Amino acid sequence: MSKIKIEAENLKLFYGDFQALKNINLTMKEKEVTALIGLSGCGKSTFLRCLNRMNDIIPNCHVEGKLTFEGEDIYHPDCDVVALRKKVGMVFQAPNPFPKTVYENVAYAPKLHGTKDRASLDEIVETSLKQAALWDEVKDRLHKPALGLSGGQQQRLCIARALAIKPEVLLMDEPTSALDPISTLKIEELIRELKQHYTIIIVTHNMQQAARVSDRTAFFLVGDLVEVDDTEVIFTNPKDQRTEDYITGRFG
Amino acid sequence: MSPKVTEKIAFATLRAIAFFIVLCLAVVLWDIFSKGLPALTWEFITENPRRGMTEGGIFPAIVGTFYLVLGTIIFALPIGVMTAIYLVEYAKESWATRMIRLAVVNLAGVPSVVFGLFGLGFFVLFLGFGVSILAGSLTLALMILPVIITTSEEALRTVPRGYREASLALGATKLQTILFIVLPNAMPGILTGSILGVARAAGETAPILLTVAAFFLPRLPNSIFDQVMALPYHLYVIATQVPHADQSIPYGTAAVLMILVLGLNLIAILLRTYFRRMRKV
Amino acid sequence: MAIRTEFDQSLRDLQAKLLHMGTLVEEAIHKSTEALVNQDIALADAVIDGDDELDRLQLEIEDSCMKLIAMQQPMAKDLRKISAAWRISVELERMADNAVDIAKSCRRIAGQLYIKPLIDIPLMSEICQQMVKGGLDSYIKDDKDMAIKMSEMDHKVDALYKQVFRELLAIMLEDPKTIAQATHLLFIARHLERFGDHATNIAESVVYLVTGERAYLNE
């Protein structure tokens, strides 16, 4: 039994008066892939963005309940958000490399966090790109603009950029929704490899993707966590009728 | 008439009207340059005016305008950009930000001659800068501040949210994100917008009339507290106050002013295309 | 980069399980005839006891197939490979039941003096074992020719069955006291004949897997 990495207890989130998350209880274990599925606006992305406090940048957003990272309260006033985000990396829906070179994209965060000498940066860039299965494709064009890469490569670059600060958790917000099927499969393959070293939480609209890549699946419905179980169970024998309706595509 | 014919007529009319704009510019340019270009000799550009400005060159006015443009940039750019950053990146929607925006909009609507009067009252007399480059630059800066703020705001807003989020998610602070990600990406927009604003300032007469411009001063300034001649005012003076001047002198001055303003616009366009190309592959 | 490695791995695991099940079935039919020939009750019991393991394996393979379909969304040949595995596992389970039935008949007539020398029945069993082996090999290798060749062996099994039937009929007509044992032997021959039919079904699955076209090999 691997240890619990992130745990939500009675987590509630409000945008102004609107309650976007109602009493979420969910644990995410180390080196497991947890998939969050559900309809648009069901709160799965909102929940994901609680985990590295990206919701902080949204005005009038406020959180109740408890959310812990390795037992430390993420929303405690003393929590260092910068330190948290170094441990909890994030990959977004649309590939969003900075309009810099491939190298500068990966080196950006390590530089900010104090790595200055060239040799260390070179090494970080190479390791991160290798981990993201992109090294062979870009090693000859490290100093060319990142925006010249294909969409799938850009997304893997974003993964490499997130890995460059050596996080422990990787949050992925619909990482393949803007990609073609082959690029999608490559990212999925990558997720399976990365899970040996990282705890991964992925939001996806694509149920098949959740089935393919995750160990655990959580089904959200209008701000509620309806069911969470081993992915195999969710997709072959869900307990809740609403989950069954959703995964069989019979949602009224 | 069939809808198809109506459509064709409408299209042709709209196109003709649109081309009329080009015609207007062409006529103005042709008028200025056909009469002004013959006057543009090396002597005209590099020498002081002589004999009550009926002879000689316009060198002090060119230098004066150059100093004023420089001063305007130095004052307006940092203040404008920083205001825009505050408004876009930091300020939450509140009565305070609404007031700032309202101020910006109204500042943009103030007639330029009112800026001139204000400059006289505030910079020249109250702060005691006298009629000087300093007072004139500050007045012009104040006038183009709204342009710089709004274009900078626009430029900052066009930086994709994704860049900011990516940077923040990598553990960058807000200030780091603004300095290393947002500003470099907004710079092309900020610069081109600012240059267009400055180009406008370079051609203004009213604000400098009361704050800096000298009627006739055939020497170069020694400090920022000196008066200078400036091209637009000089043009006004020789066109209206010097009845015996040769036609070629006001037109030559106008041509130089046009070249200066168009040149600034050209720089803005070149910068924009350069940055655009940089962003692509 | 290689993609879908997890799916490929799961598919290999599934095939390994199926191969294991095939080997067990081959062993079961071999042992049951061995028990018959040698009148070895212990061996017959072993075959009967071994059936639980085969039933369990069949369910396990079925679960794996279902999981693969639900989780990996296989398409085209991948999908046919999984559906074939599912079908083959069902056939194998029934073939194992045939072996169990043979073992049960064998227990009933153990200790009696056989009314005829057992030559054709072991021969049928021999062929059946080759058929199981051939079926699984052709599945693993995606070899439709091998599958068709295997299915043709069923003609020999059918012919032998008819021969055994006629022979036992003659014996029964001659001496009604032999009917009890002869009936059991007849059942045994019948089970072997059915066993061959199931093997032919496996061949059909393999042909469909390879070509995507249905084939009718059972005449």
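Each chain carries a letter (A, B and C) given by its place in the written order, and its residues are counted from 1.
Basically, a residue touches a chain if its C-beta (ideal position, glycine included) is under 8 Å from a C-beta of that chain, and two chains touch if they have at least 3 such contacts.
Chains and their UniProt names: A = Phosphate ABC transporter ATP-binding protein; B = Phosphate transport system permease protein PstA; C = Phosphate-specific transport system accessory protein PhoU.
Computed from a predicted model, the values in this text were never measured in an experiment.
When chain pairs are compared by their number of contacting C-beta pairs, A-B comes first. Of all the chains shown, the one with its CA centroid nearest the global CA centroid is A. Chain A and chain B have Cα centroids separated by 47 Å. One inter-chain figure worth recording: chain B and chain C are separated by 91 Å, centre to centre, where each centre is the mean of the chain's CA atoms.
Residue positions of chain C touching 2 or more other chains: there are none. With touch defined as above, chain A holds no residue shared between interfaces to two or more other chains. The touching residues of chain B, when paired with chain A in their complex, are 92-93, 160, 162-173, 176, 180-181, 185, 278-281. Within the complex formed with chain B, the residues of chain A that make contact are 52, 54, 57, 59, 82-83, 85-86, 89-90, 92, 94, 96, 98-99, 108-109, 112-113, 144-145, 147-148, 158, 161-162, 165.
Of all residues in chain C, those touching chain A in their complex are 1-7, 66-67, 70-73.
Those residues of chain A that touch chain C in the shared complex are 133, 182, 185-186, 188-190, 192, 208, 211-212, 231-232, 235-236.
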